[in-house]
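Heads up, there are several structures right after this.
Across the two complexes that follow, subunit A remains constant while its partner is subunit B and subsequently subunit C.
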Partner chain A sequence: MFSRFNLKAWLLLLPALSFLIAFTHWPTLKTIWRSFTWAKSDVAPSQFVGVENYQILVDDPIFWKVIENNFWYALGTVPTSIALAIIMALWVNSKIHCTSLLRLAFFTPTILPMITVANIWLFFYSPNIGLFNQLLGLVGIEGPNWLGDPDIALSSLMVMTVWKEAGFFMIFYLAALQTLSPDLFDAAKLEGASTWRIFRKITFPLLMPTTLFVLINAILNAFKLVDHLFILTKGGPNNESNLLLYYIYETAFSFLDSYYAATLTVVMLATLALIALVQIFVLDRRIHYR
Partner chain B sequence: MLKVEGISRRYGDLTVVDKLSFTVNEGEFVALLGPSGCGKSTSLKMIAGLEMPDEGAIELDGRDITQLSPGERKLAMVFQSYALFPHLKVEENIIFGLQARKVSKDEQKRRLDSVVELVGLGDHLQKKPGQLSGGQCQRVALARAIVAQAKLCLMDEPLSNLDAKLRNEMRTEIRALQQRLGMSVIYVTHDQVEAMSMADRIVLMNDGKIEQIDVPKALYNNPQTIFTAQFIGSPPMNIIGSGKNRLGIRPEHIEISDKGMPANVVSCDYHGADTIVLADVGAAGEDQKLVKIRYPGHAMFEAQQRLLIRWDSGNEHRFPN
Partner chain C sequence: MSSWFQVFSKTSAYLLGLVWVLPLLYAFWAAFHPPEYATQFSLTAPLTMENFASAWEQAPFFRYMLNTIVITTLILVSQLFLCTLAGYALAREKFAGRGFAFALVLTQLMVMPEVLIVENYRTLAGLELVDTYLGVGLPYLASAFGIFLLRQTFKTVPQELEDAARVEGLSGLGIIWKVFVPLAFPTYLAFSLVSVSYHWNNFLWPLVVTNTEASRPLTVGMAIFGAPESGVDWSVISAGTLIAIGPLLILFLIFQKRFIQSFMHAGIK
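On to the complex of A and B.
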């Protein structure tokens, strides 16, 4: 049925929908198509090659390396930044002095562009003149090469990411905390519940909708945010700190292999879609919404 | 049992509660009554331990509890907003405190069963508060307070979010429960009808201070101050004259008669069982002096109609200052 009402509704949706299709859905479809094609050079016509690109991908050790890196990167940054965000939110939500200053302090990393953050941390992490190693030098310890040592380069990136993300997530938790009625906490206190019990039984469950939202965003960010790699490590040394999206960028614009880059992109899109679906359908049922 | 001795609470220059003292006896229902902003809720919070008094002491069963945390006082409280935990089932809400206080599982079950029967929540134990009506939420809050078997139960305007009919029902029910279980209750309300009909004794507060502490009947028959006289009773007591000759007479004690004081009708307000007649008793040419008269039944007097009113001198009230 295409009634007049429907037509009007579609017309109203049209502007947003055309942008969405032009810049999201159409490129997505083109990317998927491209991942099944190949061409000898930029000028040669591309031809359909089936799953050949995917076979290359399965045999590509760097692909598996960046997947592994991304896994550890997500695991290292997401829970830590969420936990920190909750702690900071609870802190600045309490009745202490100077809460607005604290809130501002916690939020500052968020308002900085990732490139700026990376440049600041580049100064922290530099081997000889860097802040960390100078401080360590004061107490007589020779600091490591934070970004150059293959064993710790990825961890160094994680620390910076947590620093950047926690303040952003804190804002969501703070907003959620302020919608909770203080009566609930008064009631729980009167019933003799300890601070930890109140957090575990009341505060945390009531923050679950926020946690789900933040969790999805944090995981997506773990895949999406790679600006700092351009400044800090460029994925090195020897791909030890390389992440999927940066690898896609390298493949497409440094190695100029847009067909293989499309293949990698499809894998990344599928992974993210799967994560979002699992989170929404599995966690959703266990969360109380008001 | 509970002894409140001269507690005060100040916010900056503003004194919200000023040297409040009263006692609650075992099994007694005491209402803290007063207009909004008189400091009654703050007083209750100080007893609960949610606010600290700036001075004074609170004693429970001879033990000084002024410095104890809310949990250590082992009191129960019913909040105006009910303060039910929205993510927990009714059952979990009721036994939340028992779990926190590490009461044994068997004991939890036993107490839950008995309290559920008392307040009639049997069918709703597995529901979340969001699925319940206002009245049912009220019962859950009540059950949570009863199940604790606390020495003293605090209630902060527990009925003010209910509609009028339900409020009347719950009033009777809470009072019946309190008497049956022998609970000691402090009940904060701004509704004089609630206080008068439920309480053994009323602590009437105004502007952070106590106006009068008395049983409901004495508060009505023997008000010590003009504030008390005008706060208790509806419509409020008429105050006629000024200075030493000032006297109070309740609208229900004024009769329309064939002799007595002349009065000109201003308006009539019909309430069903009676009519409230507003009349001017000022002499001709003087300022208006309005009195309200409660006239039984239906009477529609014309404006400016001249009436004669009288009352028994035994019903007159005099105030010391």
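On to the complex of A and C.
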């Protein structure tokens, strides 16, 4: 019975699966194929060139710069967002006043479009009149050029990313905290355990599944979310704040080289596949989708 | 626990909360005051609606908003319909290839269409759908996330309920519509809110696939409007920003409990 061809099931699946395949699986395969081909122009027929595009990639200093940036960007945003998210969730879940107002404040950036809030952050970061430098000016410090200084531009992007994401991750921790039994904490308090000790020995270990889930999503976002670059730095100065997906966009739609863009996309896909494999084989051992 | 620690913890909580809403507070400040007060803060600054008027004049916000609403609705309606059918099949039907089909769905959770902008743009150009509502929506008409959520929910519906419905004479789509859809209402609500806020805010794909006001959503419109090259001042940009985020922000403030619960609900699955 199990091996019988179930027409009804496939008919139910067909519409959704065809869209998924047409815009995810099929283009993935086409991207991989395109990365091995090249053509003089968009209308000229493409020809197979083997690994030539990959040789260009290896020799492309911007590619390595972008990979390096993305690595630091992930390293700078992911642990910070997660740590802040845990702290926020603990606050919002505790007995201090106005927790619903706090929760609202932390969560609001999540529902605002990255692109419009980037406009506001652009003002915060502007060199002379910007809010940050005005505040620094009050205490007599001459603030840096947050987005124009090659040493700081990427960090400035990270700050905004943490602001945008921490509240979103907080929600998952909040959901997890609310499933924990209060008896556990009462018992620990009776035993005279300190706040830090309770967190380290009880809360944090119990939140581990959430942390793994959030970790994967945060890393994925570090590669997939580049909207703010369009407003804040455009990858500059001199690619110092450029990230892989933005470079793919530039290559395809500004430099109009879809073959090299495809090659870069393959690197992106390989990265996402690697993250998926880590999730499935290392982190997901205990979670089963029945 | 020392009270010193508690005071410190509380103070930091409120401070951080304040920092978190600062960008929004600033946008309100700049939008409601004349441009000369955009960079200086004074309690005596006069209030004005002038910035909203000039923002409204300088960009076709009404059209952008209409486009965003049409695109978001198109995507949501299609997702709810297609994900229900697929989620039901994966949750309740036994068939050869189910594991494979589910694996295809899970893959899309990892590789979302925006990563594949290069090929998807070519597909859209081939279909001559560039700069249309359908073009912006097409890659998202089915959602792996939606299928996954509904599958998890449909799995928890007791078999007896389905059998009883069958005895009552319902069949096929009737059972899905009359039994499964009502029972999964919280999941539908959660998914809808997540989907709407995702697509209301989506930028990269609409940027690639729209060229004119005819289909350009708010996010892309705002990017052009706010670009330094356009020479618009901070106050007007802030007013424009508030116009752009207004509807979603008001919805969020009214239904914030539901919103947050829905995001939690969607996250736990």
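Basically, the second predicted complex is superposed on the first by the 274 of 290 C-alpha atoms of A that agree within 3 Å, B and C clash if a C-alpha of one lies under 4 Å from a C-alpha of the other, contacts with A are read in each partner's own complex, and residues count from 1 in each chain.
One rule holds for everything that comes next: a contact is a pair of C-beta atoms (placed from the backbone, for glycine too) under 8 Å apart; a residue touches a chain by one contact, two chains touch by 3 or more.
Computed from a predicted model, the values in this text were never measured in an experiment.
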item	value
Joint occupancy of subunit A by subunit B and subunit C, clash or fit	fit
Vertex subunit A, arms to subunit B and subunit C (CA centres, degrees, nearest 10)	80
Partner chain(s) touched by A:F19 [first = subunit B, second = subunit C, both, neither]	second
Contacts of A:A222 with subunit B and subunit C, given as first, second, both or neither	neither
Subunit A: partner with more touched residues, subunit B or subunit C	C
Partner chain in contact with A:A252 - subunit B first, subunit C second, else both or neither	second
Touched partner set for A:I202, first subunit B, second subunit C, both or neither	first
Touching partner for A:L112 - first (subunit B), second (subunit C), both, neither	second
Subunit B versus subunit C as contact partner of A:K30, first or second or both or neither	second
First, second, both or neither for A:S194, with subunit B first and subunit C second	both
CA minimum distance (subunit B, subunit C), superposed complexes, angstrom	9
Shared contact residues on subunit A - subunit B and subunit C	194, 290
Complex contacts: residues of subunit A adjacent to subunit B	181, 183-184, 186-194, 197, 201-202, 205-206, 208, 288, 290
Subunit C partner contacts - residues on subunit A that touch it in the complex	1-6, 8-10, 12-13, 15-25, 27-28, 30-31, 34, 84, 88, 91, 96, 98, 101-124, 129, 131, 134, 163, 167-168, 171-172, 174-175, 194-195, 213, 220, 224, 226-227, 230-231, 245, 248-249, 252-253, 258, 261-262, 265, 268-269, 272-273, 275-276, 289-290
Sites on subunit B touched by subunit A in the complex	48-50, 69-77, 79-81, 83, 85-88, 96-97, 100-101, 128, 130, 144, 148
Subunit C residues touching subunit A - in the complex, by the definition given at the top	1, 5, 9-10, 13-14, 16-18, 20-21, 23-24, 26-27, 30, 38-39, 82-83, 85-86, 88-90, 93-98, 101, 104-105, 107-108, 110-123, 138-142, 144, 147, 152, 155, 172, 197, 200-201, 203-204, 207-208, 218-220, 222-223, 226-228, 234, 237-238, 241, 244-245, 248-249, 252-253, 256, 259-260, 263-264, 267-268
